[in-house]
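Letters are used for the chains, namely A, B, C, D and E, taken in the order the chains are written, and counting of residues starts over at 1 for each.
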Amino acid sequence: MIGLTHYLIVSALIFSIGLMGVLRRRNLLMLFFATEVMLNAVNIAFAAISHYYNDLTGQMFAFFIIAIAASEVAVGLGILIVLYKKYGSLDLDDLASMKG
Amino acid sequence: MENLVYIALFAPFVSSMFSALFGMSPRQTFVGIVASSLLFISFAASAMLAFHVYTTGTSVHVTMMEWISAGDLTIPFGFLVDQVSVTMMTVVTLVSTVVHIYSIGYMDHDKSFNRFFSYLSAFVFSMMILVMSDNFAGLFIGWEGVGVCSWLLIGFWYHKEDVSREENPSISPSWAANEAFIMNRIADLGMLVGLFILYWNVGSLQYDVVFSALPNLSGSILNAAAVALFIGAMGKSAQFPLHTWLTDAMEGPTPVSALIHAATMVTAGVFLVIRANPLFAMTPEVSFFIAALGTFVAFFAASMALVNRDLKRIIAFSTLSQLGYMFAAAGLGAYWIALFHLAAHAFFKALLFLGAGNVMHAMHDELDIFKMGGLKKVMKWTYIYMGLASLALAGIPFFAGFFSKDAIIETAFNEGTLVLWAILVVTAGMTAFYSFRQVFLTFLGDERYKAFGIHPHEMYKFVLVAMSPLAILAMVAGFGMGSFEHFVTKLLPEYHMSEHTHHIAWILGLVVLVFAVGGIWLAYKKYAKGLKRDEKLENSFIYKLLANQYYIPQLYGEFISKPYAMLSEMMWKNVDMKIVDATVDGIAKFIYKSGDGSRKMQTGNLSNYLNWMAVGGVLLLVVAALSAMLG
Amino acid sequence: MDNILSVLVFFPAIAGLLGFVVHKESARAYGITVAAIEFLLSLWLWFSFDTANAGMQFMEMIPLIPDFGVSYYLGVDGISLFIIIMATLMTLIGMMSMSTTHNIKNMIITLLFLEMTMVGVFVSLDAIIFYLFWELSLVPMLYIIGAWGGPLRVYASVKFFLYTFAGSLIMLVGMLFVAYVYHNLTGVWSFAITDWYALVLPVDYQLWLFAAFFLGFAIKVPMFPFHTWLPYAHGQAPTIGSVILAAVLLKMGTYGFVRFSLPMFPDASVIAITPIAVISIIMIIYTAMVAYAQKDMKQVIAYSSVSHMGIIMLGIFAMNAEGIGGSVFQMLSHGIVSGALFMLVGVIYDRRHTKMMDEFGGLASVMPKYAVIFGIMLMAAVGLPLTIGFVGEFLVLLGFYQVSPIMTILAGTSIIIGAVYMLTVYKKSFFGPITNEANRTLKDLDAKETWSLVPLVLIVVWLGVYPKPVLGPIDNSVKAMLTFMDEKAITQEAKDMIQVARSVTKTGEVK
Amino acid sequence: MYEIIAFYLFSALTIGLFLITVMSKNVLYAMTSLAAGMVLISGFFFILGADFLGVVQLIVYVGAVMALYSFAMMFFDATRDIKEKNTNSALIFLLGGLSAVVLVLIFAAPIHSDAIQALYPMHEGVGNAQDVGIVLFTKYLVPFEVAAVMLLVAMIAGIILAGKKMDQSLTEDMAADDEIMTQKDAK
Amino acid sequence: MLQPINISLESLNLITLAPMLIAIAGGLIILVLNLINEKLHKSLYVMLTLLILFIDFGAVLGLNVNERGFFDVMLIDGISIISQLMIIVGSMIFIPLALTSKRFHEYSYPEFFALFLFMIAGFQFMAASDNLILIFVGIETASLALYTLIALHNRSNSYEAAVKYFTMGALAAAFYAMGSAVIYGLTGSVELYKISEILATRLNETGLMIAIFGSSVLLLVAFAFKLSLFPFHTWAPDVYEGASAPLAGYMSVVPKIAAFVVSVRIFGMYIDLGVEWVRIIILVLAVVTMTLANIMALVQEDVKRMLAYSSISHAGFIMAALALDTTEGTTSIFLYYALFMFTNLGAFSMLWISRHKNRRFNARYDHPYEKFAGFIQIMPVGAVIMGLFMLSLAGVPPFSIFWGKIYVMQAAVNSGYIWLAVVMGLNSAIAAYYYLKLIVYMFLKDPVKNVDTIYYNLSKPLMAVIGLATLATITAIFYVQPLISYLYYMISASGY
């Protein structure tokens, strides 16, 4: 029988993968992918907990997370577009005019 | 009587203020005249007070107002005119009056004539406070006051340049003034401590309260107080090791030397010991130390005088030596003898100095007696005055010095301190020698000054007349010894020679006389015919040692002044700047530098920022996990 | 006029605000007039002051933040009265003697604000209001040093500000803790010092709090080793800045010790006697030596200030009326004397634009009046009897003798080494031949300078000869405070110390 | 039994696909694997009985979000390999590993408690969509509406940021200022 | 089958929603207006926004304390009311700053004002709920709007700022979600009052502590990011620099107030439950933040960046008060921000009026210190006001922030954290240096060049805003008492 812990561990692993992606990625678009991965990981956890408590709140949370992820993509891509128009690149390393 | 007290006290003050009004204007003879008259008024008032005290045997005690009052301490401005203080008052005002008049002549050509009188009168005022005060704090006011006036007067010719010690042992008037002030300050600290001890153990600084409470105090407290007060006295009276300032103080105008550094201020230390005789009487060890130190200084100073070539310095050394005598007497318990010698010494020493002043005036401020000689021809009266004074100083019978000094030497014998006695006797001989060496070199022999193109002339008449009271007193003061004893021993403890001493007094006197006459004879042999320099002697170690004052000024310079200056420099540049301040700045710099360092984490690169965030988050998670698992 | 203290505090500030309107040509006259009125007001305060009453007078209390216990609470007693008068006097005199011409209007306005803060510090009876004025006083001073100072002015002013600020923040924590303890015991928030006096704190609390307050005050005093801001501040400040800084701002620190540390923490104060005495002695001797090594005339006086503040600190911790009274008196004396000395240095600086002593020599010949006044102030600084300087120094040393003879003797060396550096300055600058041709044509004091210095000379002499009108009220208040401390002390040692320090062994009477 | 197989299969696949998403140098691969991973995650949701969530996941993520990304990818011309310089991959793996370990530890704790009563229980015999609907439109109506505002915000943001008006910046345009100044002067 | 649901309208307590609805409606009105007429001047939108905020303010004032609404999703307690009020007041100070005499890109969009109002609604939702879901949605609404507002300034720095803020915000959102998941796993609930009840019963279960700590850490990361605590603060200086000056000032106050409310609710809950560990961690973060930000502010060459670091440091200061978790501590948070708001916004406004379109002094910075050299000679009143702001920020009495500072320190002392008060004191001393540095430049140095253009951007509304901020800064001593008693009353009424 698959227990809650199994799902949660999968969620934890995917979350860490996402985190690694966030740390690793220099291309902003790819970096956004990684944040999506993290949010998806959380969704698994919520759905699983919801299932095992037989409670709908977790699904609600996951539902809102999906909505948030979608809006973030919209705004994020909007910002990327203006940025790309200006810099012609999505590489983070080009993006360090403010420091210190 | 109260009014007389105030007149005696404040006349010099008025004189000082009056002169100060004209302090910055050009020479005005009337300033000197007014000042002298005021001083004379002060003298007259003092004399009347003296007469009053003498006739009635009572003292006059006035309290003007309260000065400091804090906690349990109350210090009034109170003035006490009793046998001791009235003696001092009379002596001080008398000598001052003479010196003031003298100065009108002596300072004739000085552009700071008015200023000089202002200082001089201020000094007299301070001295009067010193002697008249009815408490130790008041005494201290005068004590410091005379110190400042002495500073002002030694440095009167402040515009002179610093020169090397070889050229002028006192370097410059301003240097000498500072030296005097600072040396006195060292002693003043001792004096202050003495006051503190008395206050905290008695609760007052009034003489009467303190003295009546003394029997209740423990021996250690008494000793401490006596030592502390005596340290104060040592400074003012230039006792070893605080003596160097006195000879350097000769940089001041000669009237100053006469008044301050011979007759009055330097005797303040003796006065203090006499004033506080109940205390010193109860501390025999300290008293003996005073006597021993006095004897030592008497000899020590006389030895330096033997070879000195500077007219004023010789007299200064003799002053030191005579102060030693006074301390010896006071230390041995013969307070009235000390006081008597103090008064007598004031007269003849002032006279001696004023005579020296005449010579200087004539010689255009030349002081080297090797460059003088044969002045008798042009300066007859000065010669007579100085001769008289020297005779008195040498203790030739029936001059003032004979009575007083002989009494001191007798006392030393009487107390059984034969070593002291012997030293004092030898010193008496040396005194006679150097006094007359100076007189002979100056006035007799070949006229060496001609080689330097100097045309000496006698002092103004009025000056010579003004000096006459001193001359007369130097001759006759000794005859008043009996009545003086009678007068002051109403207050001071009596001192009588034992039967045995009394019995052989004439032998003792004869011994002293032999030494004195021997000294004069030796001086006559060597110098009366003119100067014959003895190269071998002058190059001997002893001669050099004496001529350089045992190298003590150099010693102080090398081992106190210079190290202090170096240490100060080090404290500033190394400690204050490089340690204390650098620490503060270092902390600031460290913070600033760490700001510079930590701003490097702000690379501007988003990836780094995300790393920081992840590092922070993961670290916190790890800490959370560890702390949860460990407890 | 019961609210005279408020008037005293805010009159200069309001005048300062209105001063913005005054034309710059007339700013100076305006400033002097305002300062004179303020000074007269402070004199009025003195005349209406009941000298027999040792407690607080002219008290005013308006709750400002009752929930937090902060109120506008003013009062004056014998200890603060004369410091206030000195503050107003020195502001007036400083303005009169001021030679600054650049941006004069700003200077006047700044000075008036500074005056408000100075008076405010000494009349506040609420710790927060005290702190408020305390901190606020830094700002005008920062501006004065920074805007009119020498080449290193920015460094000096910032150092001054930050150093003092850092110390006082620690003190603030201490104040907050006292308020907290007070709240715990009574259930009421209060920052009123008079309320705090009633607190009896355990000894360990007292020690910590003493340390916190100590940091704030010690930096201001400034005590060794926190003194290094002072030479810079003085060295760079314009004359008026140095005058006010030395005369009044430094007194805030020592006043703080008297007002806060002693009555609030009697036991800790007794424990602190030895350490503080040691620091004070280091201050006295060490800074006197450093002063001796200086080449710059103003730096000598700056360091001498530190040395003199050492004497004041010593007196405060003598724990007897002689010592503390002497200390308070010495604050006044140091204020007037060092203020005057800084003004004097300013006089020569205005003429020669240098303060280095090598440049001078023989000034006494060309500037006799200047030399005389300098000489008088110098003698007052070295504590000559019958000048103001002696009374305080004498009482302090006398008072502390009962605590420790040895330390008193060490501290007493100040009269020697003080004379050493002061006389050296005088000799180097005033004596000797005129070596520098530039000095030959110097003008003596002009009317403005004379009129500002002569009153100080008169005060120096007057209070030296007859200190009673000032010393009396001070003594009253100090005695009351000591009695109070004695009652409040909880450890036997402290009680004994306070008793012993006060008791004269009247051997003459009973034994 | 089928649940176990599905779980392990989905787990392995999602982890693998997301690893590709994170590690691949090619945007297209990354995006494709991300899309695939998300589809598989909806599989988890179905296993867990959250059917509505699964559908939303498919529609929103795999549909809308992926479409957005695809358009963006085209705009950015990111089909070629991305060059990324990774300076300290050791740190990254360490952080990733540590976070995985700690999160696993956290989730391995006995989080689940039988004592906890569900506040919004699922009902037997009622479809998941219906259950969700009721809770969503009662309890979570406010967040739902706020989410609507959020989406509006996102929409406006997307529109104006990508709009033409952004091409000419008034902020950096001095001419715009001069124009205004002259207008003022004219008045 | 499910039963039909009957809910009475009264039980929903819709009034609790009114303030946010007003803001949202306002945003919509602006959008509609723009649709009707595209050529409306920005001043109209500014005033409209201001009016809407007024109504919003009134609506918040009309709320009763300690009410719940809409299935207990809405929570109107004391801190929610005062924080909403502060958010609205802060926004009201901010919005007139749009009326500069020069044109800046963002204000040419009517959408700017709509987004602004939506953002305020988002903050209000954050403040007025204890439901993690609504908080999350509120955070994101506000954040997404804020990212856009930053980017709308329309120059490369602002894009960079937006990207940095956005990316890190996304990561923080993931952490928040994960933290919520853990909490949900622990308690089966996402409502804080419920969570607290259930956690209290589960505290002693073995092996659970790691999850409790873990949840707190995950949430802490999210809020530490929002509140710019070390080491999650790295975005702040860059974003403040990239954003326009008023927005930077706004960001240093209003979003933080909202985030603080949530933090007080969440971390206060942990500490109340007796999880001392959370308190320690927060204290450590707070102390490191205030110190580090301070020392980094020391070395800045740009005033705006310096103010950014100073804001971080102030946030650390307040965070320490949060860790105390006493009524006084919580009161001090709001008191501090209420006072800080005026001064800090005033200071940023002063930067705003001196903003040039091109960088005249420095290739990199808009507001290097040199720009303010000799400010006193160019613009005496401005220099004095800026000086006052700096002194206030440094904590010199009697200016506003001093009262906040001593209240925070007093709260620390009262809770027995004397060391904390000392650290705060020392930090204030360090901080004084960089504030003084500006004062030194303004008052003690001579102007560098082009003196005439320094107050380039000044207009009457800006003057009004600055005047208001100045007044609030100077007269703090008189209104601190009512403020404290109001805040204290509200906070103690809501049980914090």
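In the analysis below, contacts are C-beta pairs under 8 Å (C-beta built on N, C-alpha and C of every residue); 3 or more make two chains touch, one makes a residue touch a chain.
Worth saying up front: this structure is predicted, and the values here are computed from it rather than measured.
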Centroid comparison with subunit D (C-alpha atoms), farthest chain: B
Please indicate the chain closest to the centre of the assembly, with centres calculated from CA atoms only. C
Based on C-beta pairs in contact, work out which chain pair has the most and send it over. A-D
Gap in Å, rounded to a whole number, between the CA centres of subunit C and subunit A: 65
Quick one: report the Å distance separating subunit A from subunit E, using the average Cα coordinate of each chain. 25
Hey, how far is the Cα centre of subunit D from the one of subunit E, in Å? 27
How many angstrom between the C-alpha centroids of subunit D and subunit C? 68
Tell me, which residues of subunit A touch at least two other chains? 4, 8, 11, 15, 18-19, 22-23, 25-26, 32, 45, 49, 53, 55, 57, 60, 64, 67-68, 71-72, 75, 78-80, 82, 93, 95, 97-100
List, in ascending order, every residue of subunit C touching at least 2 other chains. 162
Residues of subunit E whose C-beta touches two or more other chains: 133, 137, 140, 144, 147-148, 151, 154, 163-164, 167, 171, 178, 182, 185, 188-189, 210, 214, 237-238, 299-300, 433
Every pair of chains that touch: which are they? A-B, A-D, A-E, B-C, B-D, B-E, C-E, D-E
Touching subunit B in the complex: which residues of subunit C? 159, 162-163, 224-225, 227-229, 286, 289-290, 292-294, 320-322, 325-326, 329, 362, 364-365, 368-369, 372, 379, 382, 384-386, 390-391, 394-395, 397-399, 401-402, 405, 408-409, 412-413, 415-416, 419-420, 423-424, 427, 430-434, 465-468, 471-472, 474-475, 478-479, 502, 504-509, 511
In their shared complex, subunit C is touched by residues of subunit E numbered 391, 394-398, 402-403, 406-407, 409-410, 413-414, 418, 421-422, 424-426, 428-429, 432-433, 436-437, 439-440, 443-445, 477-478, 480-481, 484-485, 488
The answer for subunit B against subunit E in the complex is residues 588, 591-592, 594-596, 598-599, 601-602, 604, 606, 608-610, 612-617, 620-621, 623-625, 627-629
Parts of subunit D lying in touch with subunit B, wherever the complex brings them together: 91-92, 95, 98-99, 102-103, 105-106
Inside the complex, what are the residues of subunit B that reach subunit A? 599, 602-607, 610-611, 614
